[in-house]
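Okay, so chain A shows up in both of these, paired with chain B first and chain C after.
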Partner chain A sequence: MQRFKLNNLKRIPLFAFFCCTLLTPAIASAMDPADKGKSIAIERKNRDQGWGDSIAEMSMILHNAQGQQSKRLMQLKTLEVKDDGDKGLTIFDQPRDVKGTAFLNFSHAMRPDEQWLYLPALKRVKRISSRNKSGPFMGSEFAYEDLSSFEIEKYTYQYLKDEVVNGQACFVVEQKPTDKYSGYTRLVAWVDQKEYRPQKIEYYDRKGALLKTLTFQKYQQYLDQYWRADLLLMQNHITKKRTELITHSLKFKTGLSEKDFNKATLKRAR
Partner chain B sequence: MARFLTLIYFVLTPICVSAIEVTGLMSFEERYFYQNPTFPEQPSHQPSIVLEPEFYFSWQDETHSLTFKPFYRLDFQDDNRSHGDIRELMWLNVQGDLEWRVGISKVFWGTTESQHLVDVINQTDIVEGIDGEDKLGQPMLHTTYTSDHGMFEMYLMPYFRKRTFVGREGRLRFPILIDEQLTKYESAAEQHHLDFAFRWSHSIEDWEVGISFFDGTQREPFFMPAGTPTAPKLRPFYPQMRQYGLELQYIYEAWLWKLEGIHRRNLRETFTATTIGFEYTHIGIMDSIYDLGWIAEHQWDERGKSASSVGQNDLFLGLRLSLNDADSSEVLFGMSQDLNFSDSRSAKLEATTRLTEHMKLEIEAWIFQAKTQDDLLYFARNDDFLQLNLHYYF
Partner chain C sequence: MKKIWLDIVLNRPWFILFISVLFTFLAGYGSSQLYFRGDYKVFFEDDYPQRIEYEDMQRIFNKNENITIAIAPKEGDVFTPARLKLIQDLTEASWQTPYSSRVDSITNFQHTEADGDDLIVEDLFLEDVELTPQKIEQIRNIATTEPNLLGRLISGDGRVSIINITVNLPDDDKTEQVYEITEFVRNLTASVQQNNPDIQFFHSGIVLMNYSFAAEAQKDSQTLVPLMGLVILIMLLILLRSIGGTIATLIVIVVSIVSTMGISGWMGYFMSTATVNVPTIIMTLAVADCVHVIATMNFALRQGKSKRESILYSMQLNLMPIWITSITTAIGFMTLNFSDVPVIRDLGNLTALGVMIACILSMTMLPALLILMPIKTAKARQTNGTMEKFAQWVIRKHKPLLVVNIFIIALCSGFIVLNQVNDEATKYFAKTTEFRQAVDFLQENISGMSTVDFAMTTPVPGGINDPQFIKTLESFSSWLREQPEVDHVATLSDTFKRLNMNMHADNPDHYTIPQERELAAQYLLLYEMSLPYGLDLNNQLNIDKSSTKIVVTLKNLGSNEFIAFEYRAKQWFEKQKTSYMLTAASPSLMFAHVGQTNMQSMLKSLPLALILISGLLVFALKSLRMGLISLIPNIVPATIGFGVWGLISGEINLGLAVVAGMSLGIIVDDTVHFLSKYKHARDEEGLCAEEAVHYAFSSVGRALWITTLVLSSGFIVLAMSAFRLNSDMGLLTGMILVIALLIDFLFLPAFLIIFDNKKVATHAAI
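Showing the complex of A and B:
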């Protein structure tokens, strides 16, 4: 039922909302901050559909408050799944002691993600609980939930204002997680008005205090449509630690299919 | 030289080697036994070195690959613990949903943490670690077929690996020495008996299910008295066995409920054994980034006190603290309490942290308590130890 409603909403072009707002004050009241917030999210999601699959080589650089660094290297295979969350296979290459460790994730919009971990030393595939979404990913400032695919149903929305960030005119939208296991009470996202790309996200912890700020840099366009930031910077305001997530190479439409995302491929991933 | 390289190029190009990787592990280990040994020839310090490189080649767009992983431990005290093995020498071919593996390899079956009842493909390399997690490479032909109805695996194993045993000058040994030279088998084919195994496993929403069957040489030997009254010895005897195994895991929020059960028949006995328990992870304890995992498992064996395993009626409790820091620091505490022998228990503390991108430090402590002679753990009563491992990954 929810999905049916969503699909209907998706078909309404955004300009229709603007027309309504400008032309008829009666309908403009229907365009309250919650509707506007959601319509921005829907447009953001719509503009990022149809990319199919991707393979990325990424590194993460962890900086602590004392300036020490620690590096992780990984490969990410992703498959876009229609009307549900994406499928992902992450293979770790560095640090050396976790080389060959692989993580399979079937993310879902409305129910908990399904996750498996492969431990190469034991040759063991372990189904793990996806309740750890608020926990740090590989000791970094990114939580698992910060890295999962953006799905409309994961939040409720509230449009706050317009503001210029990184030289771009942005919508400022507040997002409240619908999952009670999220580590956040709310997120505030700056989405640029031209391409609907997130430019900045603030994360507020369970006590409502500002915990982290994520900034998106070095946006590049792929397949003449899809924008990806080559550099993501997550700053933790409490611990003063920060993590850079760098994309070294990214390829789309590589021919991956459902068959590349199962326990057999997880076991032989490298 | 140039001509030689050209030759290599032309030889390799047709098979299109797309990746060659050399990685591996070198470890320095020191065990310190702080109690007086049961036997005077046993040492207090037991240093050793491990080398385990891994060579990996793949070709034809990674549909073919070859993995070679030799292993050697040099132990400066126990000759039996100085040993080499081919952990892997395996050719893998992938044809869509079908995988073929030929050669020496390792396989894991199971869901529980405290013991692995259904996991019977590889022989345990018991001299490596008392927890039985280390395995010897097993020669096999292994086929895997992945479908919407789960994963189907078939194994043919043409050669049997004997279990390793601690020698006279090693700690953690039985009072009577086991003489590998005297090994006997039920099968006339001895080590060349062709073993067969099958497994079906599937993920159905919040459930993980596995059903397995094994027919062949039992990995766990019986021990028969041998030698002379003045110089007694034990003879390992490997019977044939048939085993049916069941694995279940159910996820409910942060809870993992687990079950492993086996039904085994060999020439001496027919019995059922189970491990049932849960793992609960508390994410972010006390508003920190630390995770605390709780593990509780009950081990049961129908044979009771005459069981060949320690876990005939035992309760295992474990705690895992993950600091989630850049060095992946983790502390694991586990304790087994025997519910039949109230004075019998063992405990383990394990702490790991990363020192550099290539180096990891591991500290282990084991405590064994057993006062009753017919308790299987009695042999280790004076062998509490501390172990320090420095792993270098390349």
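Showing the complex of A and C:
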């Protein structure tokens, strides 16, 4: 009995301390975590609007747990679409045996993405099922869904906390995919408070275990406004494989239009 | 020196006890450092070639350690709406398995077909599809003809279907994860078992094998050690007929075990399937020392000596034999250091350590305890002269005995050739274990659980798309499928052929290899881009697409067959004269190879052990002649034992490969006791061979059969383990110990009488 009382007494200041620490941030931003998370996402999206179109030369370097590596080269054309997902066209240059293969993607905010692949050896365009967007892209650690454009409606949001990453003060926001064919149960994104750029994203698999971490490095500003990371590093924690996605050159407002992203003209894409 | 020691022990027993207790605590505290490793990799050196190959392959392709759920309806097949739905639900739920990275079943199999100009890649049984009889028939047709599924995830008659869960385990100790995974999967099937009483569920796979390794070892330590304690207690009470002596012996045993385990903890050892039985073995060996000391003391007490005098008498008489027998036993166990298996070396070293600790304790702590304890001895029983009568019988019949013995020895030695090295991990488990039952059921109804992974590699990046490469891959796969050992082959050449057919509007005439490299590469790219989460090709292709893995499922065969199969496959491949490389690896191959190399090194170690131990005997018996004669009773028991083993089993696994060296160290004890008494009679008392044999029988005959009884029952207790490395080792060692006693009683005397008699004549003449 005596001991019980003593314990209770000891707990009081501890309890008070916990109350304080829990309440402080909540009072500071008197906002529901879901609303705050979503408003961060909206701000992130808003700051990245109006860039029009872009052409990038990229390479992907795959590393396995044994220390071997393999390189893929590609050109990526992107067209911004108002009030819907972007359109993307990826033309492979290396490996040699898939040179000229073109991958066309219409990212959508409210419905599943649409994807086609042009195979030059067959001279045919083939549609790819959208439920399979979570498989690896070119054998890399990136799933297709990791690379498609960021749209507000693809997730539900939950603001978690503030944290410093890469020397930047960040919002930490949890995102849960709304598409049931996503390979993930949730993502945790670190978005810097100054420019609203993602600095780090953690991907959690179907059983809720940490699967991959994506880090964004070498951010550069284009057109005095838009930030793009020259180096994306995806580390798979389970297989110990990792993939680097490097941007060698990037041009905006190159004059691309809808007709450059057409299934019928995919054969002529260069 | 000896005197100082005896004075301290007898005059300051409390001091000795204090030192012993202090030592026990200091040493025993180390057992907090001990931990248990249940995985199968403890059987392999870090740089064991087959282990390196296997781990390399796991790093290049994704890991493929797995746990499987087999769904076996008691009646009918799995192609009913309810059962397909069950498989689908279980498949979905299996993604929640801890550490899982992939789940394969017939329902989520990525079936491909042409739809106009498009390639459809989707689950064979999509969740929202209605299961009409036609749809079920379609699923059945695809599942039982698809080479990727048939014989791996579905049996030909459709009565057994398997869900294969691939997990990613950490490289080193994974016992905890293995328990977590196994528990999860068992709970999963238990939860559906209730609503599906008409279905049997089985679990198998590498994870379950690891789990069973750990679980059986822990079961051993929980059942066998107490059982052994009980057996020893009963035997001590009967044989010593003294409660004080029994208690003293038990204390010495406990202290020996606690300090051995503690010191091994300090030294950084861990417990494993092999070393978990070290306490049982130490218990057995420690008892022998104590029995000798107490039996001699009781003898002196019955002669009317005081307790102090009796203990002194016993100590003086037993000091040398206990030293010698302990050292020879330790040497026997130390020969295990020649083993290629790390945990078997641990077993040898820890037991040797325990034997020496028990030896020292029985010369210090035991007498101190005996001094302090009230010792009541049962009245001297009149010797009924059984031993003497037996001795006379042996002496009278020595000629026929010799002939019969030589005949039996020759006969049994002949049977040794019936033995074959066989290390098959699945067969390490007794048929009573759940794992073995599952493995046997699956072997009978769908496929074995042994696999061999082949990696076929070209130096050219992207070279797997070359039609030439695919052609070689295809003929290799076909060759593999023709082999009698093979149950299933998963190969990329099937995928290429199927894609080629799909691209030609599912025309079966185009179920062939794509004709150009670009075509193959682009089909594969399209297919890869169409695969969903977790079901990618990364487990079949390396990152620069210069190597592909072929997974071959084999019947559960002996290790010789595995090695032969590997050799044949490599031979076939070499004959093709390609620029490609072929490597093979798998846990089954690892066990098969370690069984072979371990046997070789153990055989090489035997002569060394024999020389060391015989040299020690020459020194102990102070006679080169006796040392040489001792070779016979030392070698013959193992020879007969392995001959008999050839008749009753013929399978030599890792556990048995070490028996010869180990038992040698123990049976030498009998020889030492018998020959030393015999020699004493010949040299000191000037008796002839017959009389000396009689003397040896009456002085140590009883002690010998008592210690043999204790030792062999100790090893027979081990034989009750459900883990055959331990049970076979226990059974054969127990058997050899009994044979050794028979040889000492029936053959050695006859031999001595015939071949050692001349010397007496000359001796007497002088």
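We take it that the second predicted complex is superposed on the first by the 239 of 270 C-alpha atoms of A that agree within 3 Å, B and C clash if a C-alpha of one lies under 4 Å from a C-alpha of the other, contacts with A are read in each partner's own complex, and residues count from 1 in each chain.
FYI, a residue touches a chain if its C-beta (ideal position, glycine included) is under 8 Å from a C-beta of that chain, and two chains touch if they have at least 3 such contacts.
Every value quoted in this text rests on a predicted model; they were computed, and no experiment measured them.
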Room on chain A for both chain B and chain C (clash or fit): clash
Partner chain in contact with A:Arg206 - chain B first, chain C second, else both or neither: both
Which superposed partner A:Gly135 touches (first chain B, second chain C, both, neither): both
Partner chain(s) touched by A:Arg124 [first = chain B, second = chain C, both, neither]: both
Chain B versus chain C as contact partner of A:Glu114, first or second or both or neither: first
First (chain B), second (chain C), both or neither touched by A:Ser70: both
Touched partner set for A:Asp97, first chain B, second chain C, both or neither: both
Touching partner for A:Leu62 - first (chain B), second (chain C), both, neither: both
Chain B versus chain C as contact partner of A:Asn262, first or second or both or neither: first
Part of chain C, among the options 1-9, 487-495 or 685-693, whose backbone runs into chain B after overlay: 487-495
Shared chain A surface residues [contacts with chain B and with chain C]: 62, 64, 68, 70, 95-98, 122, 124-125, 127-129, 131-132, 134-136, 138-139, 181, 183, 206-207
Residue numbers on chain B that touch chain A, as the complex places them: 21, 23, 56, 65, 92, 94, 96-97, 99, 106-108, 110, 133, 144, 146, 151, 201, 203, 208, 249, 251, 253-256, 281, 283-284, 287, 289, 291, 324-328, 354, 357-358, 360, 391, 393-394
In the complex, chain A residues that touch chain C: 62-66, 68-70, 95-98, 101, 103, 115, 117, 119-122, 124-129, 131-132, 134-139, 143-144, 181, 183, 206-207, 209, 238-241
For the chain A and chain B complex, residues of the former touching the latter: 62, 64, 68, 70-71, 94-99, 112, 114, 116, 122-125, 127-129, 131-132, 134-136, 138-140, 181, 183, 206-207, 259, 262-264, 268, 270
Touch list for chain C against partner chain A, complex: 56, 59-60, 62-63, 95-101, 117-122, 168, 461-462, 465, 503, 516-523, 525-526, 528-538, 541-545
